[in-house]
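In the two assemblies presented below, chain A is common to both, partnered first by chain B and then by chain C.
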Partner chain A sequence: MTRLVPTGVLLLGALYCLLPVSWVLVAASKSPGELFTLGAFTPGSGLLGNLAELSAYRDGVFWKWTANTALYAGGGALLSTAVSAVAGFALAKYRFRGRNLIFNVLIGGVLVPSVVLAVPQYLLFAKVGLADTYWAVLLPQILHPYGIYLARIYAGAAVPDSLLEAGRIDGGGEWRLLRKVGLPLMVPGMVTIFLFQFVAIWNNFLLPFIMLGDDGKFPLTVGLYTLLAAGANQPSLYNLIITGALLSIIPLIALFLTMQRYWRTDLSGGAVKG
Partner chain B sequence: MFLAPAIVLFLLFFALPIGYTGYLSLRRTKVSGLGLGKGSRQEVWAGADNLTAAVADGELWAGWSRVVGYGALVLVVMLGLALLFALLLDSAHVRLARFARIAIFLPYAVPGVVASLLWGFLYLPSLTPIGGIDFLGATAVTFSMANVAVWGGTGFNMLVLYTNLRAIPRSYYEAARIDGASELAIALRVKIPLLVPAIVLTTVFSLIATVQVFTEPTTLRPFSNTISSTWSPLMKVYRDAFVTGDLYSAAATSLVIAAVSLVVSFGFLRVVRGRAFGEVR
Partner chain C sequence: MRTTRLALAALAVTLAAGCSSGGDAAPEPEAAAPTGPVTLTYWTWAPNMDKIAQVWNAANPGITVTVSKQAGGDDAAAKFLTAAKAGNAPDLVQAEYQHLPSFVAADAVADLAADTAAVKGEYAEGLWGLVTLGTEGVYAIPQDSGPMMLYYRKDLFEKYKIDVPKTWDEYAEAARTVHEADPKVYLGSFSSKDPGWFAGLAQQAGAQWWSISGDSWKVGIDDAATTRVAEFWGGLVAEGVIDDQPYFTPEWNKALNDGTQLSWPSAVWGPGVLESNAPDGKGKWGVAPLPQWTAGENHSGFWGGSSTAVSSGSKNRAAALKFATWLNTDPAALDLLVKEAFVYPAAGKGQTALGDPPAYFAESQPDFWQQAATIGTTARGFTFGPNVGVTYNAYKDGFDKALKDKAPFATAVKSMQDATVADMQKSGFTMAG
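For the complex of A and B:
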């Protein structure tokens, strides 16, 4: 009894979480006709047809969205990790006036609702002619308060002061210390920050939805939304939307399963050994 | 200075937009004559008019009341499940724990748009495997929407709580076991009190996210005609700014949303701080 009940509850939870994912996996294999006639979890025979149709949709705009998403999430997360790591290192390892003030103001950014930022960001980008460009989605997502918070905690735990002192005595400049001592020791923490930012940007909807008008620059989230908005009343488009939804979650799920270690250990922001 | 990039980005993409929102919320368009010729539309100072209009706006209040009901559901169910799963994973008596942990965390990898879209299809009468319920009807739609958020958010919160649980020294439990405490008693009397700071943290982040709900109702709209274009306060800001083109009231409304989310999160922190413990991260 003491074993069965908790295990059963957890498995129910797992089942609930897997339900929509397994449904889309099966549904993507159905041709438009099979979608409404076969049972919800009976595989169909239309997967290849759906893929071909999706690839052909508006001259392959779906793959354009995929490439855009990879660019936004990959480039944005890379820049974000660099900025967070350098700032976190400075906040953890140097004592200067206003250090805590700067940290608190940067962290306070978490509390600002995204819409308070996104609408004026759009207007300001429009003023300098950058609205509806890749920059409009990339730039606002580089600075992330949570990333700086994680980086500061991680640098504080992973980079020993004695090592920096030794470097200074050997005559290393501060930039050199950062590059040769600080950043290499912070790599595991930086991987975690990168993953968080990657997922956050990949999943972001509001910002690109507001910033972009040209569907050639859309990421997958906005692209799928427009596809849905156009196709909700046309069941003939359902199979495209379903197949697109499946393809859009495969990369992230793969990233999850391969990077388990970094997700688990660092999640609440504590330092991890190795 | 290593902080320079972060500070420049902060000024450009946080401070400047916030200031600009404040400025816009105090302006309005003045139309003179028929509003046709050049120069007949001017931007002028409006003082606090937009803000008072936003506070008094019935549509916005209707949005708030919907979001409060939805948010209460999401917070209670999502955090309750997250805590339950975290405690179960942490107890010694569970099989298949690794599988369950990965499966429950998996929805975090699914974008909100895609999650709403998948559930939207599962709710559709013509496709749903669960018959007999009108998931998208006027009464059920709030529950259906809350389900999407619970599905997407439980795993992340569970993992935060679980990671905190793993950090508690095992010796605490040994002492309780020697005293004859059951697993359930240990969970209630030892683990949960030690978890309170982490629970507070996850609650505050969930509160902030709930006040700003946008993606789920927006994505579910094409499935259901019971979700209006101003279902949540954030959707109203979007509509004002980009559909009806009234930037000034959009700015004022977004300031009201910011104020509400600050008051709610700090209010919550104050209440719990006054209660059980002295330190909140």
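For the complex of A and C:
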């Protein structure tokens, strides 16, 4: 009985999360005529047709958006992880004037939703002439307060001071210590930060929507939105949007499945060291 | 607050300039012919506009137009205003008629009055008024328009033995007949999510939501005409003989497709929606003029439609205007607009250029375009104000609430009026009365 209740709650949670995804999967198989006529979970016959139509839409602009999203999410998450790891390491392992102030400001930064910053960031980027460039979407996502916060906590727990002391006695410089001692120990934490940032950038809508004017630089989220809001007098291309949404979540699922083992190490590692 | 005041100052300046300069406005320095090849950016959401721009680029090597396809609707207007504020706006932008006043108020679009005298004759007077906003200025070139008409299922009208309603009274009577014959079936639906639709019906009834005299605005959203339209639909919804499903929802699409909704007062761009959302109805729909408020009258309104504006920040204003003029008035371009972008062109000669009816109507209404052209001449618009976004949001909130509380629809109209006036006062506009 005591075991049944949590299992039941978890099953309900899984159902709650998976039902919409399975709806997308089924709906993507429907041709435009079937979309509003077949039952919600009755598979249609148009998946291949939808895929072909999506690929052909405006000379394959969908794949361009996919490549853009991969660049924004992959590049942004990598850079953000690097910055977070170095900053977190420094905050955790060095004592210097203003350390607590910086950390408190960072925690304040965690509380400010990035949505609020998008418009001011746009105005600033426009001023320096970077609006409507790839940098306009990449740069604001590199500094991520929550990532630095996580890295600091993780470095504090996973990198023993004694190990660093030993390295210093052996004559290692600070950079060398960071690279050879700190970062290898922090890998599981960095994977967590990378995944967090990757998913956040992959799904980000508002920042690229405001920053970008050129539809060749759009990520998937903004690109698919142009299909949805096609103007009052044009029908929305629902079948393409749903198929596009399905394709756009496949990389995320693949990433989680391959990164899962690091994620697990992270949780258990944190528990032992903490 | 500072930006608002700047915007107001800009509006005052543009309006004053429009009133005082008369016909002999000197061409502005930016309007001088560009030297060397120029590149223009164009934000639009019309389908296949990039293909149309390619045709222009091939014929005009000196002026290259790059199309950037945007999401349409209210978000597009907000995005353009933000970009203009940051000095980062595209040279050309697709502007829906109802958003143009807010662009003018923010000084985001250029006044083209000095160079558009030749273009004016291409358009019906009511349409041209939508880009002049009742001033001497010209803030865009009209592209497409959406005169409203009644779409109805010919076969099902016969089945339920109802005639095409000529007046709104007959429409109400038909709604009762149909719903009595089969409680699952409705003649139509009232949409609390489509303020543009309601505005078109109010225009048909003769409403004037905004007017400007001198520099003071008058808001008349709760005038007799609009209240009459609202109470008419409110009565039918309260009786239960009209559905209250918003348009373009999956449920509404389904109802159109399976024949449980028999008609739709919509605009000339309706065929595209019907074709994709109600594929089973192909060859079964017809069109007729909107029902009238008084028998024997002949009025319609506009739902949707947009124009091409040149942004005030453009460094190549003359080239941009040249492209906008070509796009919206040249016969070859109009032909492309119809065939590639599926718009109903605003220019008179574009409308006569329409040949075969939409495939969806080929069997049931072969004279679709002739009908549309006849109805189009009866459509009347009104001047939109500088804060249409506020008004339209108040429409959605107000009518959603009225539907939920089963309150009289006139209260929703009143809330639109109050929200609009309050916002304009807050923004510092001078209000009459």
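Here is the rule we use: the second predicted complex is superposed on the first by the 234 of 274 C-alpha atoms of A that agree within 3 Å, B and C clash if a C-alpha of one lies under 4 Å from a C-alpha of the other, contacts with A are read in each partner's own complex, and residues count from 1 in each chain.
In this section, a contact is a pair of C-beta atoms (placed from the backbone, for glycine too) under 8 Å apart; a residue touches a chain by one contact, two chains touch by 3 or more.
This one's a predicted model, so the numbers in the text were calculated from it and none came from an experiment.
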Contacts of A:Asp132 with chain B and chain C, given as first, second, both or neither: second
Which partner, chain B or chain C, touches more chain A residues: B
First, second, both or neither for A:Leu252, with chain B first and chain C second: first
First (chain B), second (chain C), both or neither touched by A:Pro32: second
First (chain B), second (chain C), both or neither touched by A:Asp215: second
Partner chain in contact with A:Pro160 - chain B first, chain C second, else both or neither: neither
Chain B versus chain C as contact partner of A:Val83, first or second or both or neither: first
Chain B versus chain C as contact partner of A:Thr226, first or second or both or neither: second
Touched partner set for A:Ile148, first chain B, second chain C, both or neither: first
Contacts of A:Gly60 with chain B and chain C, given as first, second, both or neither: neither
Common ground on chain A, meaning residues reached by chain C in one complex and by chain B in the other: 36, 119, 123, 210, 222, 225, 228-229, 232-233, 235
Sites on chain A touched by chain C in the complex: 32-33, 36-37, 58, 119, 122-123, 126-127, 131-132, 209-210, 213-216, 222, 225-226, 228-236
In the complex, chain C residues that touch chain A: 41, 43, 45-47, 50, 66, 68-73, 75-76, 79, 82-83, 85-88, 90, 96, 144, 146, 196, 248, 250, 253-254, 257-258, 267, 269, 272-273, 275-277, 279-280, 303-306, 342-343
Residues of chain B touching chain A in the complex: 1-3, 5-7, 9-10, 12-14, 16-18, 20-21, 24, 81, 84-85, 88-89, 91, 93-97, 99-100, 102-115, 117-122, 126-129, 151, 154-155, 159-160, 163-164, 167, 183, 198, 208, 211-212, 214-215, 218-219, 222-223, 234, 237-238, 241-242, 247, 250-251, 254-255, 257-258, 261-262, 265
Residue ranges of chain A in contact with chain B within the complex: 2-3, 6-7, 9-11, 13-21, 23-24, 27, 35-36, 39-41, 83-84, 86-87, 89-91, 94, 102, 105-106, 109-117, 119-121, 123-124, 139-140, 142-143, 148, 174, 178, 199, 202-203, 205-206, 210, 220-222, 224-225, 228-229, 232-233, 235, 238, 241-242, 245, 248-249, 252-253, 255-257, 260, 263-265, 267-268, 270
